[in-house]
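Here it is: the structure, laid out below.
Order of writing sets the chain letters: A, B and C. Residues in each chain are counted from 1.
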Amino acid sequence: MPGQAAELVFDEATKQYSGTDGAAVDRLSLAVPAGEICVLVGPSGGGKTTALRLVNRLIELTSGDIRIDGKSIREQNLVQLRRGIGYVIQQVGLFPHMTIEANIGTVPRLYGRPRSWIHTRSQELLDLVGLDQSYGKRYPAQLSGGERQRVGLARALAGDPPLMLMDEPFGAIDPIVRARLQDEFLRLQQEVRKTVVFVTHDIDEAIRVGDRIAILRRGGQLAQYDTPKAILEQPADDFVAEFVGADRSLKALALRTLAELELGGPADGPRLPRTATLREALALLVEKRAHTLAVTDESGTVVGSVTREALLS
Amino acid sequence: MGEAGEVGMRTFVHAFRFMGENPHLLLEKTGQHLELSGAALGIALLVALPLGLWLGHLHRGLFVAASVSNVGRALPSLVLIAFGLTLFGIGFWNNTAALVVLAIPPILTNAFFAIDACDRDVVDAARGMGMTELDVLTRIELPLGLPLVLAGIRISAIFVIATATIASIAGGGGLGDIIVNQPTYGLAGVVAASLWVSGLAFLAALILSVVRRAASPRPVPVP
Amino acid sequence: MIVASGPVIPNFGQGSSCEVNNGWFCTEWVRAHWSDTLQPALIQHIELSAIAIGLGFAIAFALALAGFRFRVLDPPIGTVSDFLYTIPSLALFQLLVPITGISVTTVEIALVSYTLLILYRNMIEGLRGVPAEIVDVARGSGFTRMQTFIRVELPLALPAILAGLRIATVSTISIATVASFVIAKGLGSPIFVALEQDVFKTEIFTAGGMVVVLALVADGLLVLLQRALTPWARLARSA
């Protein structure tokens, strides 16, 4: 079975549906380093889901290539290729006639793993996604939407694939549960370190989960591919600037912490730990109508200060 | 109870007496009946089930499936048997052919719609996880669609047993031989065979209902 | 072996060479016997079927109202109609003969029995399929239970009810041919007679073809009715 993380490269990947003008995905080239999360984001009609489904060949390339660890997907056996790629979709697609344990065990069973192995593995994975082990015996109809998506994630991880494809995995979940699932997904990623391609239409989600963001415009062209910070600070063009929103400067502040700033000497004022983001610092300044913040370390000792000017420079 | 009612009651009493007195006749005709029905249903299953399942899997042939079921319903069994008789003459195979034609539509149509209607997201997930097309069909789509597939087989079985009765007029043998031959067996015999063949149809329907229930997913409490 | 009596074929054995040799299809026979054999049989067939469908629809509708309003009644009604549907048609006709005799009544009882399952199931499913929120809005807007039923639930159940009516109509026209085992009426009886007369092919093909065409025409008319009564259902599909 597979393991570890793989590097994923799109090389001029193009999908053109017969009978339509223009491509769904147009000469997409980008590289996702092993162990990183790449978010594909863009307006509807931008071809993000199509690009994702090209990777596991649920949609076949028209031209160009996609390589996983240097190996073209075109040259691999379709079924073997897919078994080595975790796949999570918005509607989850749990098999309603199988228990949660059998659902999670789908890929290991395709690999011919023994029943006892699958049982142990599914218990581990339930732990990993934060569900009680007793869930293994339940059926999908007995779970809430958030719980089902956790199972979907566990099922995709069961074969220990080096690459995960996630198509709007949290799109159908209410905002509060979604934020929690995003956090848990990031924590999980710290543990498993997979290469992940993550599709969303929500730029805030993209900024939150992505190591890198690929913004696709209508017609399936890549508008910009960079880290969230770079995209917010230096959008490549008007389309990207408009897509990330007028408040992109504020969003950018949320990506940096006080620890990254050069602090002034200790001073009086509202206190904030240095792990706080610049956005939180700004919010506190506005709320307290203050000019200077006292920055503390983990133990709560004041280690420096930051002024409104320093924050916004 | 009126006079007609009394006559009716007496006929049914006589019918049961006929059953008691002619077990060998009834069993022999039942054997023929089952042979004809079984052969027709078996052939229909071999032809229609794989075709319906595969077309459903490909989501192709909606028009074919719908037309087959419409035309199938419009073809009267008596007409089919009469046509079979003009084409093949008297014998086992003309009736089998007519019954097969009758049995195919419900099996084909139900199999098609059972598989075609499977949740696309579930199938997409299965395929994305690396199941082969045959895996997707046998492990996911077929178990999910099985109750509907079996419902189609049940309807076909009922049709076939009913029509095998009519097939007697074309030399099909079976319990219809007694039903259409009142001069020989009397009204008691006719009624006895009618009851007997009804029992046979019930039994077949019951067995398939039980199988269908066993194949249906258990109801689970929703949180 | 065959008990039904019916119109004999007067020219058989002394007609045209096609008729004498029992050729595949003799148009001259059809022309000669349209008015004395085929047309009356067609009209009888339409009568038998129409009465059965009308009665069946009325009974099934009453049962569906009961089964929809009182859910406990649904399983027994469903089971009984399924039970009737399972009885082979020829057997059901013969089982009724000792009670209602060799009569149109016998035929109609049997034909009606076969319509119940399909009509009842479709009516119940159509009524149950009305989205709860729509009923909720209707009740919330001050409709009485009766008004909700007449103006909301029934119209919305109409596509399913009409789909059931189509299936029941085609099936009834088809099964009505078996009535000729009991009475010499309908398009089954010329077929029956032809089988008796050394399998006279022309008559079998003509009468058999007429049953199929009748069923398809009736189905087509019901499709038109369906479109006229439920224009919204079609719009939704094409949108």
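The rule is simple: contacts are C-beta pairs under 8 Å (C-beta built on N, C-alpha and C of every residue); 3 or more make two chains touch, one makes a residue touch a chain.
A quick note: this is a predicted structure, and the numbers were derived from the prediction, not measured.
The chain with its Cα centre farthest from the Cα centre of chain B is A. The interface with the largest number of contacting C-beta pairs joins chains B-C. Averaged Cα coordinates give chain A a centre that lies 59 Å from the centre of chain C. Centre-to-centre separation between chain A and chain B, using Cα means, comes to 53 Å. Taking each chain's centre as the average of its CA atoms, chain B and chain C sit 19 Å apart. By the touch criterion given at the top, residues 4-5, 7-8, 11-12, 70, 73-79, 82-83, 85-86, 158, 161-163, 165-166, 169-170, 176, 179-183, 187, 190-191, 193-195, 197-198, 201-202, 205 of chain B touch chain C in their complex.
Interface of chain B with chain A (complex): residues 119, 121-132, 135, 140, 143-144, 217, 220-223.
Taken together, the chain A residues at the contact with chain B in this complex read 56, 58, 79-85, 87, 89, 91-97, 106-107, 110, 138-139, 141-144, 152, 155-156, 165. Contact residues on chain C toward chain B in their complex (touch as defined above): 1-3, 82-83, 85-92, 94-95, 97-101, 167, 170-171, 173-178, 180-181, 188, 191-192, 194-195, 199, 201, 204-205, 207-208, 211-212, 215-216, 219.
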